[in-house]
Structures are given as structure tokens and as C-alpha cells.
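Next, two complexes with chain A in common: one pairs it with chain B, the other with chain C.
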Partner chain A sequence: MLRYVIKRLGGMVLTLAFISVIVFVVIQLPPGDIVTSTLERMEASGMQASDEYVQNLRARYNLDKPPYLQYLSWIYNFVQGDLGYSYIFSKPVNELVWERLGYTLLITVSAVLFTWIVAVPFGIYSAVRQYSIGDYSITVVALIGLATPNFLLALLVMFFAWEWFGVSIGGLYSVEFRDQAMSLPKLLDLLTRLTIPASVVGMGGTAVTMRILRANLLDELNKPYVVTARAKGVRPVKLIFKYPLRIAINPFISTLGLLLPTLISGEAIVSMVLNLPTTGRMLLQALLAQDMYLAGSFLMLLAILTVVGMLISDLVLAWSDPRIRYE
Partner chain B sequence: MTDNILEIRNLGVRFRTDTGITNALNDVNFDVPRGKVTAIVGESGSGKSVTANCIMRLLQPPGEIVSGSIMFEPSEREAFDVVQVADRDPRIYELHGGLISMVFQEPMTALSPVYRVGNQVAEAILCHRQVSKEAALAEAHDMLQRVGIPDVDTRINMYPFEFSGGMRQRVVIAMALVCHPEVLICDEPTTALDVTIQAEILTLIKDLQAELHNSIIFITHDIGIVAQIADYVVVMYQGRVLEIGTVRQVLKDPLHPYTKGLLAAIPGIVPKNQRLATIATSVGDADITTPYPLKDVGDGRMVSQP
Partner chain C sequence: MSEAVLERPPDSQDPIAQVAPEELDLLTPKQLAWRRFKRHRLALVSGGVLIFMYFVAGFAEFFAPYATTYRNVTAINAPPMDVRFFEHDGTFHFRPFVYGYDLHINEETWAREYSENPEKLYPLRFFARGDPYELWNLFDGNLHLFIAEDETGAGYIHFLGTDQLGRDVLSRVIYGGRISLSIGMLGIGLTLILGVFFGGFAGYLGGWVDRIVQRMIEVLQSLPTLPLWMALTAALPAHWSSLRIYFGVTIILSLFGWTALARQVRGRFLALRNEDFVIAARLIGSGQNRIIFKHMMPSFMSHTITTATLAVPGVILGETALSFLGIGIRPPIVSWGVLMEQAQNYQVISMTPWILYPGLFVVIAVMAFNVLGDGLRDAADPYNTGGL
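This part shows the complex of A and B:
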């Protein structure tokens, strides 16, 4: 097991090194850089930049050095935790990224929790009572949830919350708490308000999870090992949780790792609609403005989260299924 | 205490499916004598396994028992009708693995792939008795040793996929016998195994029966196995019982035309180009396909005849 982990970690480092080169090249590909766009803006407003000023600017952003040195200095700082400087926000990338990543983490984790808390019991019920009225009702609701785009759901929820209850649900905090320091009431306010983005973001996933769990569980329910367990006297509820569900849940563990990258790229539209300070919007802005360090940091973090996520789900899968562990 | 641990009377089972109703069992009657091996023989679809599932109360929808009774009389308790026990009655769980156990046909899939074999055997104990997990594991260890698992100390912590088919079937047998059930139902336990392993498993079941004195219902379609293991034989065909008797009676002197055909169809060494014997059921031999009721023909024998 330890050898397997070390092997995987080594592979991860190589993969990330490779990805970092690609990220750097992709960011450098479009013609021009931040200095040329700054100069253009200055010229447009009638200012004349001296050669000396341009040289200074290039030196400040390390743009006077050959590309491979630029890459090395970027990656050297990156590894040390210095993500560089964002041109468009005029702030260190570190300051911009981590707070938003925290909020995104909060929303994603609560969306995943929502998904599982809702999908697992209903999926089990749907499978165990296949073709019952309950199963059909759950299926219809799930299919509607599946077919509704998240952002539309967000708009609808916002509209009806305003129409019926007179509350505005945009943003993470209520108006009265917005500028206060963190406190217990503020935290409670955050948690209550979180249920809406969590359920909106988790809706599609809930429907999919429910349907897949139902199908997987139906496959397992009549397997001989379940009958054997029943025949030795295992009680019905324990039987379902310990035997077929344990196997039916495996495919979800392998997709669990893929959730991490959605921390950065996912739910940009819902975040815009609900006015949530997540990373998706910022990534889009950074890419549009060729903000090299900001975009590069996001892309690298995306890669790291993907690779780490895959490792985590492989490890969890190996822990849960001995057949994988012993290969 | 009567001589029969199980008395099955007028048992009827049907399967209600989209394509119609199938009567899987029609008026099935037979006894399972205490402490003996009763073999149920018949071709695929004759109702052998459905009968076993009824005794175990493992029959699942769309299957349902529509008539009859299964009187079960364990040695130290009052007799009760298995068919009449409600689904949520705790006696069901006592029945499952405590009083009656089952060994299934497919050892490769009868064990959960994600739990260690020791735990799976110990779980059977924990379902029926209030003992610590350690005590249950120790008992599982003894039982695994008794069914002939080599090097139990290591093997007990291994997973089913690390075992061969024959070894897995030994684990399933250990799991079935660990709570000392009074009835052991073996549903074609050797069909999925190769011939040498078959012989080993049969010997094991026979030896354990001699030791534990439990009653066995042995389901098979192999007349050779019947001759080796059984005391009594029940011949089934299309959800009906055609003939009941001791092994000697039925195999030496079959009375029902189907049984005669079945025995004649055992392949032996025959001259080249000679056709193997067949049973004329598919063309509707009236003697076989007409559901005559069972008649007592004396000497403890029953035959379905006009």
C-alpha cells in the first residue's frame, strides 16, 4: 500500500510539471503581453511612455528575460507559495485566490453533502421498492431536476423568494451582517443562506446520483451473496446497507475526486446569478484579460486539485474494495 | 417428536409476471425424515429450488405461496407452519441460518467480495447469539478448520476472491453449519465445481452429517450424486412430485415412467453410433405430463399415477 502511494505521488509530480509547462505556453501564446496592453491604454489616453519607463515595466514583470527563465522564476515562486501579482486587480494573487477558494469550497462541500443526503436515501428507496408509486414519483422529480439548468433554478428560487417571502437571497450574507466581523449570528446567517446555493448547485448532481444509485443497487440486490447473507439471518435494513449498497456505492467514490476541480471552474453561471464570491467568475475574467499570473495560478490549482482528487478517490476506493487493494 | 422434521403438504407456488402466471409448484407433498438425507431430483425448472426457497422463506416477488403448509418441528420446540409465519415475525430470522441453513450453487458469487471470510462466517453467529465478536471469530475459526480449510490462521483474514471455488464452497458450508441448524438445504452445491472437488465436497457434507446428525435436503439433477449421498429420494417434474421412496427403492425399481426414463438416460459406455436415451416428455407422454395425485403404493412409497 505504501509503495503504491509513493508511486502515485511520484507520478503526480511528473504530471504536474508537464501541465505547468503547457499552462505557461498557453498563457504566452496570444500576441502581446501586459506591458503592451498597458502602453496601448496609455497611448489611447494621450500619454507618451518613455523607453526607460517601458524598460522598467518589463523588468518589473520579468518580461525582459527569455521565456524559459520567466517560466523557471514563475514555477520557483509558485512552489514556494508566491503565486505572483495580478495586473487587473493590482493585488498579489495570493490575496485574491484563497478567500474565494474558501467560499467555493464551502459551497461545493455543502452542495455535495446536500446531494448525498438527499440522493442516497431516495435512491435506496427507489431501488428497494422498484416500480412502486414512491419509486415513480421520485423518478419524475429526479428527471425534472436533471432537465432543469442550475442557473434557471437559481433565477426561479430568487424570484419566488422575493415574491413570496420578500427576502433577497443573493450573496452569502444578509444585508445587516455584510460589513460586520465574523460572529456566531453571522455564522448562523451564513449557514441558513448557504442552503439555497447548495441545493441549487447540488440539484442536477442529486438527480444523477439518485438514478445511478438506483440502477447500481438494482443490479446488486439479487446477487447470490445478498441471498446468502439473508439466508444466514442478517436483518433486512442491515442487509441492504452492508451488502448490496456497499458495492453499489463504489462508482461514486471514483467520481468523488472529480469534484475537487469543480471548486475552481464549476458553477460560474450560478455564482453570477446568485452573486456569490466564488472562483469561477474570476477565472473567466483572468483568462479574458491575459492576466498571466492570476490565470496561470488558477489553471495550476485546477490541475493540482484534479490530480490530488484522483489520488484521494483511488485511495478511498482501495480502502473500501479489497479487490482493488490487492491487485 | 415425530419422525419427520418437515412435512410439506399441498404446497402451491405461482409467479405472476408481465407475460402471465406460471404455476411453479402444484400440490407438492413430501416429508423430510429427521436426521436423514433427502434428495430432490429433477430437471431444470422442475421446482426444486423454489421448494427450497419456500422452506427457507426466501421466495421473493413475483413468486408467492398460494396454498399448502410446511410443518416444521425443531427438536426442542413446538412445531409451526413456516408458510403461516408473518414476514416481520422474529421467527423468520431464527429460521434463516439458525434453524435451517442453505448452501448455494454458486460458490464464486455466494460470498460478498468486500468482507474477510472469517467475518462473514462470524456474522452468522452474531445474527443468532449474543456473543462478543472475538468469541464469534474463534468459533468461525473452529468451523473453518472442520470443513477442511488449510492454514486457517492466515486464511480466516483473507477475502473470498483469494480462494478457489472448492475452498469458497467450504466457507459457505462453514457459514451454513456454524449455528448448528437442524436442517441443511444444499441447492446443487457441487454443480459449479469440477468432478474431483465435487467428490470432496460430497464427502465433507456426508462426514459432517454423520457428526452433527442434522437433516439434509439435497437438491441435484445428478442421479449419481443421489446414489452416493441420499437416504430418501423425491423426484420432481414441472412443479409436481412424481415419486417418493428410499434410494434403493427408487433407483433399483423405479415405478413412475419419468423416473424410469431418467434412469435409462444416464449415459454409460455404449457401442459407437448408438443414440443416447431420451425422455419422451416433450412430445407429451400422457403418463408423465398428466398431473395424477400421489398414491401410497405400500412399503412407504408414493407414486403419481392414475
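This part shows the complex of A and C:
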């Protein structure tokens, strides 16, 4: 197991190194940089910038160095925890990202939990009662859930919450708690409100996992050992839960890794619609304003979140299935 | 294959099983695939729905009653109209008609409110001459599937309502389909090229090429796509024309979708490399290109192409999301995502819920592609002998 962990950790570091290059290239892609856009703004307001000023500006943002040196200094500082400085908010990136990233993590984890809580029972039902009306209804709902854009779902939920219950579900806290310090009622309020983004973000993933679980369980239920057990009179519930479900749920853990990028993507856009204080909106702002340290940090941190999540799911899988460890 | 058929109970309802085994042996792989596909009824229906959607979008100028830029200034944010056969007083009309709008200003909220005006009765005219257009920028025309007009030539029809500038939502949905659906198709093409290229190289050459491609796939699959798409489309220069942006967005959306396909192609190449017929071809001195293109590719290409259809939903949903955020397709080109850009908060939606209609078409198209893709993949899988 230890050897496997070390191997996977090494792979993760390599993957992250590749990703950091991609992220750096992507945020460098737009023509112009923060200096040219600052100058444009100055010229628009009638100010003239001297050459010396421009050079100072370039030197301050490290823009006078060749790209690979810029990359190295960026990644060197990043690893040491210095994420750079945000031009549009005039604040160190460190002060801006962590709280938002925390909420992103919170919503993503809740979405994973939602996925599991919903997908497992419905997946089992679908498999055990194959081709029943219930199975077909679940399949149809799953298909629709898979085909609905996340943001549309969020808009619809908001709309109906407003029309039917007169509740505004935007934001993470109800109005009366917004300026208060954290307390037990506030925490409960947060948890109730979390169910909405969690279910919206988790919808597509739930549909996928449910289908996978159904297919796996069906394969398993047709195997001779299950038939034998049934013939010997094992109670139906025990028959499903004792072995078939445990085997069927295995690929379930591995798909979690594939699901994470989708969930984090979904979270970014859903939180914009639902007005949640997470990474989405600020990332968009940073990208449009070419605020490269802020945008780069967000992209990099979201990628780290995904990769670490995938690593955890791989490790859990290896722990639960010895065949993978000894491969 | 024929053994499997013989094992089948004779009373089976399966249409394929009712074919005599000798006849089944004579069918070409394509005919077998078609038979398998036909049994998947939902996929068949999805295929029909998609053909219909592509047809309507292709001839958008004819099917849409108005152009995308047409503005009905007497109907701003007007609700969808009901097509009727009976007047309020019960008079029956053989020709369906709509009632025109009456505008009131709500004295309390100062919102515009529309009601039906029984005085303004606009009968529907089919295959009628209306707004002039240029079909595909090539042919002049003014024939529309339907318009609404009374004897005096007055009248309008907004089957799905109008937006905040008085533009017809249905017409814009039809034109938007042209962009959203064609992005899906272009997406398949690019996905196929990238997937077959990288997957083929990795699988055929093996060794360090394979390792690099594998690592690349791993990296791409562990990236959260939407933030990266956002970064890339936000990087498209602002001075680009809408058409260039459209191609740019398509390329960006396909850049990350090819990994699953490449994995599959690689797997097939690896599996085929040591098959007898490939070794035989090599032994009689066939060149590498001939082996790849004449012998290996045909044995899995149909399956690969159908798998590529499964990448379409991702592309369509991606375009919709990006355009909704205002960084995808840019006006004056309309796509389903662009149309929903107005619906940014629930105040707007609760006043004009009909501007979400484009979303319904996104859901239908994506659902149909998902089901069709599943059906095609199962049908084109040469190893799927289920029911044969």
C-alpha cells in the first residue's frame, strides 16, 4: 500500500507541474497585459505616461523578463505560499482567495454527498426492479438531469422558490444572519441553504453514478453465486447488500475521481447564478480584467482541489480493492 | 455468431431472432448494425428529433417568421400567444388565428402588462410572403412557413413571446439552433481528428510516445473544464468578428473533449497490433500507412465515429454556459446560450419566464444526443452480439 501511495503522490506532483505550465500559458494568452490595460485607462482619462513610468511598471510586475523566468518566479512564489498581488482589488491574492475557495470546497463536498445519498438508493431500486415503472421514471429523470445545463437548473430553482414560497434563495445565509458572527442557528441556516447549490451542482453527477451503479449491480445480480444464494433462500435484502452491492459500489469510488472536474466546473457557474461568495464570479472578473495573479491562482487552486480529490478517491479505491494496489 | 442464434428460443419476440440464421449470416456488418440500432426505439426517436431540429435550423430563414433583428416595438417583453380556433364569443374559424396585444401600464409597479385584444384578430397564413431574407446569404426570398396577418396587412405572431427589445423569441430560438447545433457538429469533427491522431499514435507506436500521450490525457482529464474554458474564451480578442469568435469557441470547446476518444482508439490499436490479419499484412510487406489505413482503421472506425457523438452534448452545454456568462458566442450572432444571457436573475425570469424557452431546446437536443449516442455505440460495436 505504501508503495502505491508513493507512486500516486509522485504522479500527482508531475501532473500538477504540467497543469501549472498550462495555466501559466493560458493566463498569458490574451494580447496585452496589466500594464497595457493600465496605460489604456490612463490615456482614456487624458493622462500621459512617461517611458520611465512604463518601464518601472513593467519591472514591478516582472513583465520585463522573458516568459520562462516569469513562469519560474511565479511558480516559485506560489509553492512558497505567496500568490502574488491582485491589480483589480489592490490586495494580495492571499487575502482574496482562501475564503472563497473554502466555500467552493464546501459546496463541492456537499454535492458529492448529495450524489451519493441520492444515487445509491435509486440506483439499487432501478437495478432490483429493472424495467418497472419506477425504473423507467428514474431513468427519464436522470436523462433530463444530465441534459439540463447547471445554470438553467439553478435559475429554475430560484424562480420557483420565489414564485411559490416567496423565498429568495440566493446567497449562503438568510438576510437576518448576514452580518452576525457564526453561531449555531447561523450554521443550521447555512446547512439548509447549502442543500440547494449542492443538489443543483450534483444533479448531473447523480444521474451518471446512478446509471453506473444500476449497470454494475445488474451484472452482479445475474451471476451464479447470487442465483445460488437466492435458491437457498437468503433474504432478499441481505442478498443484495451482502456481496453484490459491495462489488457494484467499487467502480463508484473510481468514478468520483472523474466526476470531480465536472462538479467543480458546475460549482463555478451555479454559484454565479445563485450569488454565492465562491470562486466563480471573481474568477470571471479576474479573467476579463487580465488580473493574471488572481486568475492564475484561482485556476491553479481549483486544479489542485481536483487533483487532490482524485488522488483521495484513487487511494480509497486501492484501500478497498487489493487488486489495484498490487497491479 | 450463428451459434448464438440457434440457442435462441424459437418463440422470441426479437425481430432479429426471427430472421432465419442462414439469412443473418449473409448480412454485412452495416446491415447488422442497422438491425441492432432499430431495436433501440428511444435512440431511433432521438435520431428523428435531431434530424428535425437540424432541418429546421438549416432552413431557419423559412421556418422562422421573423429575422433575428426584427423588432416589434408595440410588443416589448410580451408573453407567448395562444393559437386559437374559437373566438371569445365562440365563433369557430377554420383558419387558426391569434389575438393581438393590448398594452396596459400597471399603475402600481409601472410594469408593462399585455392582454389579448379580441378586436385584433390575426389569422395565420401558411407558406406566405413576409419579411424578406437571404437564405444562407445566397438566395433572396420572403417565403415563410407561417405568418399572421389580417386583410389590411397588419398583424404579428409571437408564439413564444418577445424579449426586452421586442424581438420574437421563437425566431431567435430557431436561428440560435443553427449556431448551437452546428457547434456540436463541428465539435465532433475536431474531437475525431484529435482523438484519432493522439490515440492512434499512442497505440500504434507505443513506448515513450504512448507514455507522453497517456500523461497528457491524464492531465487534461483532471482539469476543471469550465474555469479553463472561461480563461481561454475570455482571451479571444475583443475586436474579432462574431464569426471568428464562433470558430474560436468551437475549437476551445473541442480541445478538452477528445481524451475519452483517444483512450478508446489507443486501446483498439493496441489490441489489433498483434491480430493475425495485421501480422499477415506486415509479413507480406505492406507499408505502415497501408496497414494502418487499410487494415486497422476500418475495423474500428465506425464504432469510433459513433462514440464521438457522445462528445456533442458536452460541446453544446459548454457553449451554452459560456454564452450565458457573456464570454462565448457574441451578438449579433445568436445561439441558445446568448438568448439566455438576459435571464441572469430571478426578477427578470419572474417577469418574463418565456425567455427561458431556449433552455428547453438545449435540454431536448442534449438528451437526444445522449440517447442517440448510446444507441449508435451499442449498434456499431462489432463485438456486441447481444440478441444476435
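Please note the rule applied: the second predicted complex is superposed on the first by the 288 of 327 C-alpha atoms of A that agree within 3 Å, B and C clash if a C-alpha of one lies under 4 Å from a C-alpha of the other, contacts with A are read in each partner's own complex, and residues count from 1 in each chain.
In this text, a residue touches a chain if its C-beta (ideal position, glycine included) is under 8 Å from a C-beta of that chain, and two chains touch if they have at least 3 such contacts.
Note that the coordinates shown come from a computational prediction; the quantities given were computed from them, not determined experimentally.
Enquirer: Check whether A:19 is in contact with chain B, with chain C, with both or with neither, and answer first, second, both or neither.
Expert: So A:19 only meets chain C here.
Enquirer: Based on the superposed arrangement, let me know which partner A:59 touches: chain B (first), chain C (second), both, or neither?
Expert: After superposition on chain A, A:59 lies in contact with neither partner.
Enquirer: I'd like to know which partner A:223 touches here: chain B for first, chain C for second, both or neither.
Expert: first
Enquirer: Once the shared chain is lined up, is A:322 touching chain B (first), chain C (second), both, or neither of them?
Expert: After superposition on chain A, A:322 lies in contact with chain B alone.
Enquirer: Is A:303 in contact with chain B, with chain C, with both, or with neither (first, second, both, neither)?
Expert: second
Enquirer: Between chain B and chain C, whom does A:247 touch in the aligned arrangement: first, second, both, or neither?
Expert: First partner only.
Enquirer: Could you say whether A:231 touches chain B, chain C, both of them, or neither, answering first, second, both or neither?
Expert: First partner only, chain B.
Enquirer: Touch check for A:9: first (chain B), second (chain C), both, or neither?
Expert: It touches nothing on chain B or chain C.
Enquirer: Per the definitions at the top, what is the overlap between the chain A residues touching chain B and those touching chain C?
Expert: Chain A residues touching both partners: none found.
Enquirer: Looking at the complex, which residues from chain C come into contact with chain A?
Expert: 215-216, 218-219, 221-228, 230-232, 234-235, 237, 313, 317, 320-321, 324-325, 327, 340, 343-346, 349-350, 353, 356, 359, 362-364, 366-367, 370-371
Enquirer: Which part of chain A faces chain B closely enough to touch in the complex?
Expert: 222-225, 227-235, 243, 246-247, 320-323, 326
Enquirer: Along chain A, where are the residues that touch chain C in the complex?
Expert: Against chain C, chain A makes touches at 11, 14-15, 18-19, 22, 26-27, 29-31, 143-144, 146-152, 155-156, 158-159, 162-163, 168, 170, 258, 260-262, 264-266, 268-269, 272-273, 279, 283-284, 287-288, 295, 298-299, 302-303, 305-307, 310.
Enquirer: Could you please specify the touching residues of chain B with respect to chain A in the complex?
Expert: Against chain A, chain B makes touches at 56, 58, 60, 93-94, 96-98, 101-102, 104, 106, 109-114, 123-124, 127-128, 159, 161-162, 172, 175-176, 179.
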